[in-house]
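Shared chain: chain A. Partners: chain B in the first complex, chain C in the second.
What follows is the complex of A and B.
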């Protein structure tokens, strides 16, 4: 097995899973496809990189790339753990801020004025353009360039992969900190969402608000607050995706971060993950995002090896578009619908009993 | 609280949906422990009046009082906490959840013991729900769904039930059963406001009758008096006289 391909694909798939989850969550609660969602993660990435650079400057820390011995083999931690903790925290905070600005400053006022879903979706596109423009202004600002340059990062083509934690095992296997972080993150995310949705009162309220908002409201559930919580979770996951992108950008399959990259390309894949998982299933979206990540990179890789034509790798997005087309044609409710068995029941002419 | 005091009052209320006004200068008292039946021709504003009691419309002017407290601008979820239950005409259950899950959800803020006790009370009132306990609510018949909707309301032991056209679209036999269940709720001490399209059957179980025409109250008095008013019955309610 190509270990490097596996680890970099896993990071990419985790980014997609996080983004697909956010898209699905917002669709479930507000019935809007948030086209600005992948861009929220870039806002988070820029905020994290800037504050990590400020932290390094304030503490006078210089990157130390000398490996240390660890029980796994050799371990390289270029900066202190606080440096990374700040990155994660800032990403989450700014992901949430960018999401809440979108909800409270744009979508909710429009909703109050009677905007339909189409108008709201166009508004999310407008917010996306606004964020692109803001990020362009930000990343070309002279002070930002200076701050980031102090830790050796280019503001318009950010890549912090060289500052990622790395482990080289005794057997010479290279494991990046982002890979370990992405695996832990997805497992923890799945578990915590399960606990939140099925084991807590808030989760019950969230499920009720999604299935029948007016009825939830008359049962004393503050549906507006539940929606705000969904936007917060969506912003948190976008922020975490931003942090992962930042630490893996420039290495493997993720391009260096700019105002447009990699959100422009990733938007297709993130939506594909959400649709394949089933737009009404939180867990489906995580699985869908992961699946798209793996097939988008593995299938062209196999095809390239099989045909001897490396150019085929450029067409990886075709795989996710094909997956969306097949899903919409044959299983519009996505993986979640297939697991519920409704599709198969309909396929075999069985209907749920009525009355 | 004085049991003679009305549980709810509307004072000169003008209300509607966003900019579309559908209720004009409505003043109304809802007596405690009774069934108030709101009737009227299609599009008269019966459901809008009921929704106004629960805060689901826009009130432009006037006052809405619940047990003497001004709740004119209180959002619906807070009114639910005050002890009001609203049963929608359609989509009044969580169709993808089982009967027991629906009831548990309705009592999301109760303690486990209290919730179990109240679910048992619901099952005693509507034994058929106990038989259907683990059935998905969306697969039940129309009458059973209305039964569950009332059960969902009962879990919270509300002081006031607001029920919007519970017999709409149901076969006459089932509709009769549903109205008998509304009466059963009242006999257990619940105050009910009922919007009913089946005028005769509705007024027969009611104590107070309210006739709404073009967003205005045309009659407000004992239900049997409204039934006896042949002029109104013929003009507005389509009843043969």
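What follows is the complex of A and C.
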């Protein structure tokens, strides 16, 4: 098995899983497919990169790329741990801010005026355009360029992959920090969502508000607060996805970050993950996102080896489009619908009954 | 800049965007099919001109290039830039062939666009609402990626694309005559769309959008109605693609996969125009195309760099070129949000259709009664 393909695919799949989860959470509560979702990650990535660069400038830290010997093998840690902590924190904060602005400034007021799903969808598009425009102006601003250039990062083709923590074990196996981070992140996220949704009162309230908002309101549940929490979670995960895009640019189908990339390419794959998971299932969306990530890179890889035609790899994105088409046409409930048994019901949520 | 050129450019913009918006209006406005893959159908027009029509031009010019017609046709893909540069020198001396190419492009785009719309209507029959929107968006993205890398379709490099045959070269003023061509197409589409709006089938489209169950209850075939709307709307989008490809002001001299599949320009702009004009309102679509074409799209695309320079953004440390690009995004976004908040029904909301007058209905009933009695 190709280890490097596996690690980079895992990072890519985790990014998709994070984005799919956010899209699903928003769809469950606000009933709109958020076209701006992957752009929230880019906002977070730019904020994180800028503040990381400022931190490096303030402390005068220089990237230290000489490997050290450790019990694992030769370990490279280019910056101190605060550098990475700032990146993770800032990306989460800015992801949440960008998501809450979208909800409170645009979607909620429109919903109050009785806008239908189409208008809300268009509104998320408009918000996406506003973010693109902001990033266009931001990432070519003289000061931003200067501060990023100080740590050798190009503001319109942003990547910090060279500053990722890396380990080369004694056996010559290459492990990147983003890979470990993404694996831990997905496991922790799954566990904490499980605990939140099924082991706490808040989780009961959240599930009730999604299933039947008017009834939940009658029972004294603050539905508005539940919606706000789900927007916060989805902004948080979008921010973390942005951090991964920054630190692992080049992994899988992740291109270096600019105002448009990789959000424009990734948006349909993220929707694919959400739809394959069954749009009304939180855990389904995580599994769906991971699945899309793996099949998008592994199937063309196998096909390319099988036919001996490396050109086929370029069409990798077509696979997620096909996955969307097949799911919607033949199993519209997605994974959640296929795994409807008692054992799975808990994880994938109850099938929504339609009259 | 030359005033005549500016005027031609703006009129071409208006015409292309009106045809495109009218197509979207039939699908999304009148029938309620949320087509977020409109660019896919627009691209059909570009492919027809850049690929099929160019082959006709090459075959016609083959004898003067000293190659066989079949070789010339094959060279359209394998050696596009050099071949088409020479074909475009010869084509202005062949008015007959040029006119055939124009007519062929229009007809082929209508047929192929309709065909693709018919194919895309398969999911439209099974899915509803936002699921369908995502499905069509995914289909459009999938087609885009396929067209980008499949060389026999759009040439070797997705950013360069295929050179368009200079079919208006024979008139001596390609810019002016292509503008007139676009204007005529737009007027024909306007007349057609207005008739469709008032016709029984147009009213049926709106009935299906508003209440499928009732339309079904009075014996209408919902599947057929949605299919028809997809075919008509997609054929019109492909027509807009032809108009775009032939315009030296808008498309330049070539069509590239990267520009004809652009979802901002050819899916989201028409959506913005349709919402601004009023969903399903044909007059609204025309009005918003004219307003935006004249006031925003045209002048801003042309003058955005001058606006950025006039605002002295570089003194704030902002890059003027990127500010100019961002300006277009900000305008379309602000416009959509303002319209959604202030005038969600659009500038000209859906208007009642002209129906047959009471007297005429009475006369028809009397006539049928007399025939029965006889």
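Here is the rule we use: the second predicted complex is superposed on the first by the 336 of 355 C-alpha atoms of A that agree within 3 Å, B and C clash if a C-alpha of one lies under 4 Å from a C-alpha of the other, contacts with A are read in each partner's own complex, and residues count from 1 in each chain.
As a working rule, a residue touches a chain if its C-beta (ideal position, glycine included) is under 8 Å from a C-beta of that chain, and two chains touch if they have at least 3 such contacts.
Predicted model only: the values in this text are computed from it and were never measured.
Chain B and chain C, once both complexes are superposed via chain A, fit side by side. Contacts of A:183 after superposition: neither chain B nor chain C is touched. Of the two partner chains placed around the shared chain by superposition, chain B is the only one that A:214 touches, whereas chain C remains out of contact. By the touch criterion defined above, A:93 reaches neither chain B nor chain C.
Of the two partner chains, chain C is the only one touched by A:129; chain B is not.
Residue contacts after overlaying the shared chain place A:121 against chain C, while chain B stays out of touching range.
In the superposition on chain A, the chain among chain B and chain C reaching more residues of chain A is C. Rounded to the nearest 10, the angle at the Cα centre of chain A between chain B and chain C in the chain-A superposition is 90°. In the superposition on chain A, A:205 makes contact with chain B only, not with chain C. Contacts of A:110 after superposition: chain C is touched, whereas chain B is not reached. Following the chain A superposition, chain B and chain C show a smallest Cα-Cα distance of 16 angstrom. Shared contact residues of chain A with chain B and chain C: none. Taken together, the chain A residues at the contact with chain B in this complex read 114, 201, 204-205, 208, 211-212, 214-215, 217-223, 352-355. On the side of chain C, the complex with chain A involves touching residues 28, 34, 36, 123, 126-127, 129-131, 133-135, 137-139, 141-142, 145-146, 148-149, 264, 268, 271-272, 275, 317-319, 321-323, 325-327, 329-330, 332-334, 336-337, 340-341, 344.
On the chain B side of its complex with chain A, the touching residues are 18, 54, 56, 75-78, 80-81, 85-86, 88, 91-97, 104-106, 108-109, 136, 138-142, 152, 156. Residues of chain A that touch chain C in their complex: 32-33, 106, 109-110, 113, 115, 117-119, 121-123, 125-130, 132-134, 136-137, 139-143, 268, 271-272, 275, 279, 311, 314-315, 317-318, 320-322, 324-325, 328-329, 332.
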